[in-house]
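Labels A, B and C are assigned to the chains in the order they are written; within every chain, residues are numbered from 1.
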């Protein structure tokens, strides 16, 4: 029983990190219609940027996390402006776009390898103390991650629901042409979406690195499969769905370790993905899910 | 001198194997329009099955794996190809069935990643992350050659496989089958509206391509003698796609050209760059990946159809008609006899 | 109007009974029944959003009905996919032209020919002589049709470069290659300049005189009057009336449907795409 409760704790952490990552990924896919295979490598870039923040700028852990977020936000923004945006404007077909992001991901990954090799790294200042509550056992960093994630997600929800920008974003997701003709500055909003989703990639990347203890150049690329599973299960293109999908997948992965070896937890995510696709292709949250049905 | 020769032979092997892989990818993507970025899983699976069928029974102290039937060559290769086809069958049901294109690509990637993780974690299956080693070389005892001539012999075998693949694809492309596959690529509704079973055709193309990938994997593992899950990652799979994009999608010669440019030129020749100062072999290795990625981006932007675009099909019969010549020299039929005699719908009962 | 060779006591070529199809909350087609007889051009008219395209897609098998039956040429085709119905001789054209863009006009025509020879791996590899012969016969037929529709100069051009009107012609010519028993035409004259529309109408008329049976969806009532007998009127997903165009003109309900209300029901998702939506693949014909 105590193992079960402990796994719930880990599920909470996993869901928290996954929700941030899946949200960013879904924003990119849903708003800008680009399935970004470089997203995982962006997460890795965030983790390594935070490392640079620590070593070069002598930042402590959490400032380093925000530094990582900032770097990836700018990186994503640049990637869209210089690479992805021009291809999209040209009318590049969706599969070619995937190849573009695939290539970008490879480049990002091996730029990291060029500087840091294929070794494992860890952050300074990771406390070893644990927070215990009954069988519940998390490190203080993990707890912080959970709280931070909840705050960010809540903030995002409020932003989309109640602000003018949020309304404009929703209009854009529905029908870009229409939004444009209603006076929405689609170009500027697209920039903002890439900044926000980039920041989310960075934050989740660093958080994942913190939670895992150590990380290497394929941190994010390996995590991608879980992110995709959560995003698609929740309803591709639907931000609320991504969050719910993340909770489902995150908990399922961790709780399943009570019964099956931990190395199979990714398989659990995959099974959920397949079941979700077969049983309810539009996802858990009935949303627009355009890019699922689009050809 | 031998060292240099051996190096050239290795390049040759990689060239022929990548030709085969490229042709298979041409079939599923260039012709049939299936969007798959995870082809490497079929290569890996073919390699594994070839390995475990040619190795003797497993000795858990050294390495543990399933099968280990030690069957005679060329059976392990054929079994490897068949296993590639079988894996394609399984995966095809999942993602050719309900998924649409954007979705297809990313789910294939997820499945492939999970599959390799599972293989890596199941030590009993294919010896986990350590992989398999000591795979016997084909016909070693039969063909009694010194190491270098033997490698030449093996490269010859792979060349034959590539040529067979080429001949096969050439026939397919020029046949009505090739035309049907392209029509599916262009517009499934139209293909369907004119009596073609789209799902079955896509599935078959996928399976044949899987077989070719499995064969390629088998050849690689027999040449290298070993195989690890880390050896075929997402990035490795990218090499085949990059080769086809650069060489020319939907063009068989383009597949060969791509196989030459990407794995051979970029990938291998950069090994010649000497290590000095801050640049070590790891940096060079990373650099070649970056170079490949950049090249793909350049091609996708400036020349997405690749160096050799899809050739436009002409029909000699029609060209002769259009230029006023006798359309069927040497044949007895007149034009209208040929047409109106065709009311017999000959192969209409083909279950395609 | 209809072919002089028509035997008016002949059995219907296609029969639909009680067809219904909904998309979400929208009842695109409700309990429709119709018949079309051999040798005739049966018109299908109605205001926008009446469900005509959806009905045609249901007949062709591109959509699976929620309920109802379709009988074609003596077969119950209700459970059949579009590709199976096509092999029986039921062929359709699309409301928005769908050329196979990166293939030549000639190759488009060859796809239209449905003799299926050389389309399996075994046959393609081993039986070259036979499929080559069939291909040559198809090529000659294709050339004749292309000549008839004035598309011959474009034979070896990629279909994607054709103008809108040329694509319409290709759409029709390609469908004829299939030697269909029944041809379903979804607004074949739409978006085409009046001269070309008349030319297309002439072709359609001539084809009918040669015995081709058709169902034609069309908005231009002149063309309908010229080509179609009988005509079926649809509104709001149901069949309202049927008869000759003169009879319908005297039918108050029909006149009402056209002049009275303005139906602004969103056109079915089918209007621009006609993707098959069958839920499960079938292995064999």
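The definition used in the following text is that contacts are C-beta pairs under 8 Å (C-beta built on N, C-alpha and C of every residue); 3 or more make two chains touch, one makes a residue touch a chain.
Owing to the predicted nature of the structure, the values given are computational and were not obtained by experimental measurement.
Inter-chain contacts peak for the pair B-C.
Seen from the Cα centre of chain A, the chain whose own Cα centre is farthest off is C. Rounded to whole angstrom, the centroid-to-centroid distance between chain B and chain C, based on C-alpha atoms, equals 40 Å. Inter-chain centre distance (chain A to chain B, centres taken as mean C-alpha positions): 33 Å.
A straight line joining the Cα centres of chain A and chain C is 47 Å long. Residues of chain C found to touch two or more other chains are 273, 275. Each of the following residues of chain A touches two or more other chains: 295. Across the interface of their complex, chain A is touched by residues 35, 37, 94, 98-103, 105-107, 109-111, 113-114, 117-118, 121, 233-235, 238, 241-242, 245, 282-283, 285-287, 289-290, 292-294, 296-297, 300-301, 304 of chain B. For chain C in complex with chain B, the residues that touch the partner chain are 60, 62, 81-84, 86-87, 91-92, 94, 98, 100-104, 106-107, 110-112, 114-121, 123-125, 128, 130-131, 134-144, 152, 155-156, 158, 174, 178-179, 273-276, 280-285.
Residues of chain A that touch chain B in their complex: 35, 37, 83, 86-87, 92, 94-96, 98-100, 102-104, 106-107, 109-111, 113-114, 117-118, 218, 221-222, 224-225, 228-229, 232, 236, 261, 263-264, 266-267, 269-270, 273-274, 277-278, 281, 291-295.
Across the complex, chain B meets chain C through its residues 97, 168, 171-172, 175-180, 182-183, 186-200, 204, 208, 310, 312-315, 317-319, 321-322, 327-328, 335, 338-339, 341-343, 345-348, 350-352.
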